[in-house]
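As written, the chain order gives the labels A, B, C and D, with residue 1 at the start of each chain.
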Amino acid sequence: MSATDHAAVHHVHRDDYGSRMGMWLFLFTELILFGGLFIIYAVYRFVHQQEFHLAAQELNTTIGLINTIALLTSSMTAAMSITAMQKGNVRFSKALIWVTIGFAFVFMVNKYFEWGAKISHGIYPGSKDLLAKPEGEILYFGLYYVMTGLHTLHVIIGVIFFLFILRQIKQGKIASDRYVRLENSALYWHLVDLIWIFLFPLFYLIH
Amino acid sequence: MSDHQHEESHVIEYGNYIFIWLGLLAFTGITVTVSGINLGNWTIVIALFIACVKSWYVLNYFMHMKYEDIIFKVFIATALFTFFIFLGFTFWDYSFTR
Amino acid sequence: MVTGALPNEKVEPSYLEVSTNKYKKGLLSWILSVDHKRIGVLYLYSMMAFFSVAVVFGFLIRLELIAPGKTIVEAQTYNQLFTLHGIIMIFLFIIPGLPAVFGNFFLPIMIGAKDVIFPRLNLMSWYMFVFGGLFAVVSMLLPGGSADTGWMFYVPYSVRTTTNVLPALIAAFILGFSSILTGLNFITTIHRMRHPDMSWFKMPLFVWSLYATAWIQVLATPIIGITLALVAIERTLGVGIFDPALGGDPVLYQHLFWIYSHPAVYIMILPAMGLVSEIIPVFTRRSIFGYKFIAFSSLAIAFFGSLVWAHHMFTAGMSDAAMFVFSFITFVLSIPSAIKVFNWISTMYKGSIQADPPFLYTLSFIFQFAIGGFTGLMLGALSVNIHLQDTSFVVAHFHYVMFGGTGFGIFAAMHYWMPKMFGRMYNLKVATWAWGIVTFGYNMLYMPLFVMGYLGMPRRYYDYLPEFQPYHVVSTVGSWILIVGLIIMFGNLWIGMRRGPKAPMNPWGGETLEWKVQTPPILENFHTVPDVHAGPYDYSKYEAKKETTK
Amino acid sequence: MFSSASNFTDNVDAVFLYITALSLIVLVGITVAMIYFVIRYSRKRNPVPTHVEENLALEVLWTAIPLVLFLSMFYFGWVGYKDMRNIPDNALQIKVTARMWQWSFEYPNGLKTDTLYVAAGMPVRTELHSTDVSHAFFIPAFRVKKDVYPNKVNDLWFQSDKVGRYDIACAEYCGLNHSGMYTAVHIMEPADFDAWYKATSAKAGLQPLLTAAVK
């Protein structure tokens, strides 16, 4: 790393390995961020077993399942887009990123209807119907909205990352010999998928 | 500079991804099916176990952890260990009579 | 003594003169700079600005307490003052003090690198720092006033109070992420940018401590982030998480809060410990005694430090099992700190000691940190804790660790490194006097709080029983002496920095890499690739011909 | 300075003094050593440093001795705490309710007061409730304290043999008038307590259900 540059032009040296390392460290913070919520979930589930059991039956497993499949598939296409980029197949890579974004929208539309249905049934924070329920169920739905909401926020951020990547591909900043940003965006997207892999059973499956 | 200097990119074929994807879908199917059976407290254990298996595949293949250096694996172990400390030690309080 | 440049090398313009962007001079050439040294200096100035605000708040708190009843402010104002004092001191001074200012400036130099690995991210962290800080300060000006919850934001009070808790929560959240990004940057930098010849055990202990700190920042800070975000969501949307009215458990909030905030104490103290391990060898001309024991005790502190959080909650009504475990580990955790203190003092044995200001602040650090540690033992013992919890004894204890420890560490770092950073020397005599006044005033301010606390003076009290007044008067007078000392100290540093005589390249005789580069350093730190074959604390050249023991 | 106002006072003070004494010895030791070294080995007196080899035995020594001492402190603290958790069955049950910013006490017969009266030698168990935010029930003279939460019932107990008036404070920050949330516990001679209890209950139209002879 010695003989490159001098003086005023500041040099940000390229280190793909280091970038990935930094991205992973960032993912750990995201992991622990959700981790805090998982700790809360675990404690409340432990304290209010019966109520959590009852409340979970009100969620629609089918919608959860469709969303799981959407995210798993999008994760695959995101990973494939890296392979395509490595092989120099830029067009295919872009197409795969678009597919990934498409699944993200499927996920969000689904979520929209799911939340909409819950809200129209009067189950939303601060609603009279919810406050009439036992404490454990209030906590369950509180956590449901917060955890899936934060997760959806991450889906949106992931989509923004991918749109940014598409722009950079167009500008030629990402190419078959320099694609670490694509890799990092994909890593972020997989994390979103990983979190959902746990949210799905915890909220939709365990009755 | 230190650690590992080599930087060869590892190309994973599309077919492998599809294979992993099918596996993940299969596990999803299993976990949904099993959740319909009433197994008492085991339900949560099985569901979380399957979720762990799924994440293991996502981590190793989709996220390329299998092909990364050992230091990345040490990092992940550290992060997960920390999380389980946080979770576990909280239960020193909750799992005993207060 | 050597002059500003290596004898055989030409003097290049320093980082103070060369901009990294298209603005050659002026504010923009600084606040848009991605040079780690300029960012360090930016942190220094912004941190000092926030610090002065918080010192004024502290002064007002003490002044109010000089007599029972109302002295200068209303109860509501008092409550807001101690809340903001805590938030600013912790999130904007003690936590970023050493890593963000001196870590940014010296970490790359000490490991032989040109910069941190993500310079733009580094600049972004600073913007988040300033932005978060402004959020905290500006909330004072909004109708309703700033938060009055205490810096711990305990629910349910923080959900109920009508003051502007939200800006304070957002501030803490943003500052948390600023801290995470700095930590992430440092870890990757230490892994990827070290000089090829610098193995892990040739790293200076300050770098080691920053590495341990960075890991705690990355792995513990998100917990407080999500916890505070949840309080904000509860306040704004009425989602039931912690609020007991909706079935929530306030004790769970405390668990999550302390899961971060206890390790945060180590985020605050570890870099200061690293700095002390850096300064003592230089001023005693002795290689540090027990390098490995000090390095491993840092790791032990980082590990055990994340297992003791609930000792802040011994009166909360936890299970007996939790009480037992958390108290037990608290005592085990004291061991590595004790090892460090013993090794530091042994390093002074048979050294050749030059008691310059940085070293004097280090001595104060050891003395005050020891008191903080010992009173920590008293608080760790369960039956005693029940009595002392939430009294001014606790207030004194953590001020001894955070201010007497880390705060004095930051002062030591300023006196140690500012000649290198700005190329000018301050007045040593004035600095020594300032040290004496600061140390005296400091101890006079906080000692009485121990006694009062044991006698039953609860913390966060606007008014108090008349029997406590003598202690409060002594303490308040101590605060005046402390502030006089601080003004002399900072004034001296400021004048030295602007108009002092040119500083030599290596005024203290340090052996780490930052003393081998030009003063002030050039843009990418090194003219040529430095030589790092020796360890960081090799003082054999000063030593007598040998008298090796056993 | 310390008077044994309750059954816990002696123990807490003893453990505190034990730790303080040990700490002071070490603190004085390291401070004196530091000052001595700075003077004895100052650069004027001692211009040439001497290399001292690392010493494993020394490191082990100053790891092991503090460990033993620290664990003894832990042990004494734990034993004292166990007593605080060991509530006698015959304790007088008082329901304490905290609200911003006052305390109220309810006796088993429904008698409500804003100051606590109990007889000397009578074990008392307080059951702590809050109607709004968190508080903490703190009797400095008795060395007892416990947080008070809205939907979680904590308790503590004490027994005092010393007649007198002792302050009860709120120790968990609870807002504007936190520092004014003081009341008191009166420890009375058993006969006085009986008289007070009968008279006050009668005035409130309640049956007196207990006598100071409960011990």
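The working rule: a residue touches a chain if its C-beta (ideal position, glycine included) is under 8 Å from a C-beta of that chain, and two chains touch if they have at least 3 such contacts.
Here the structure is a predicted model, which is why all the values come from computation and not from measurement.
S.K.: Return the chains common to the contact lists of chain C and chain D.
M.R.: Intersection of chain C and chain D contact lists gives nothing.
S.K.: Based on mean C-alpha positions, which chain is nearest the centroid of every protein C-alpha shown?
M.R.: If one averages C-alpha positions chain by chain, the most central is C.
S.K.: Between chain pairs A-B and B-C, which one is joined by a greater number of C-beta pairs in contact?
M.R.: A-B
S.K.: Could you tell me the distance, in whole angstrom, between the mean C-alpha positions of chain A and chain B?
M.R.: Roughly 15 Å, centre to centre.
S.K.: Rounded to the nearest whole Å, what is the centre-to-centre distance of chain A and chain D, using the mean of the C-alpha atoms as each centre?
M.R.: One centre to the other, that is 48 Å.
S.K.: Distance from the CA centroid of chain B to that of chain C, rounded to the nearest Å?
M.R.: Here the centre of chain C sits 36 Å away from the centre of chain B.
S.K.: What are the residue numbers in chain B that touch two or more other chains?
M.R.: 1, 3, 71, 79, 82, 86, 90, 94-95
S.K.: Which residues belonging to chain A are in contact with no fewer than two other chains?
M.R.: 1, 17, 21, 25, 28, 31-32, 35-36, 39, 43, 47
S.K.: Run through the chains and report each pair that touches.
M.R.: Pairs of chains that touch one another: A-B, A-C, B-C, C-D.
S.K.: What does chain C use to touch chain A in their complex?
M.R.: 18-21, 34-35, 114-115, 117-121, 180, 183-185, 187-188, 191-193, 218-223, 225-227, 230, 233, 237-241, 246-249, 252, 255-256, 259, 523-524, 529
S.K.: Spell out the part of chain D that touches chain C in their complex, as residue ranges.
M.R.: So the residues of chain D touching chain C come out as 8, 11-12, 15-16, 19-20, 23, 26-27, 30-31, 33-34, 37-38, 41-43, 46-55, 58-59, 62-63, 66-67, 70-71, 73-74, 76-81, 83-85, 132-134, 136, 138, 140-141, 143-147, 149-152, 154, 167, 169-180, 182.
S.K.: If you look only at chain C, which of its residues touch chain B in the complex?
M.R.: Those in contact with chain B are residues 191-196, 198-199, 215, 219-220, 223, 251-252, 255, 259, 306-307, 309-310, 317-322, 325-326.
S.K.: Looking at the complex, which residues from chain A come into contact with chain B?
M.R.: 1, 16-17, 20-21, 24-25, 28, 31-32, 35-36, 38-39, 42-43, 46-47, 61, 65, 68-69, 72-73, 75-76, 78-80, 83, 86-87, 183, 186-187, 190, 193-194, 197-198, 200-202, 205-207
S.K.: Which stretch or stretches of chain C touch chain D in the complex?
M.R.: 75-76, 79, 148-150, 154-157, 160-161, 244-245, 247, 249-251, 284-287, 289-291, 293, 315-317, 320, 323-324, 327-328, 330-332, 334-335, 338-339, 341-343, 345-346, 348-355, 363, 366-367, 370-371, 374-375, 377-378, 380-387, 389-391, 454-456, 458-465, 539-540, 542-544, 546-550
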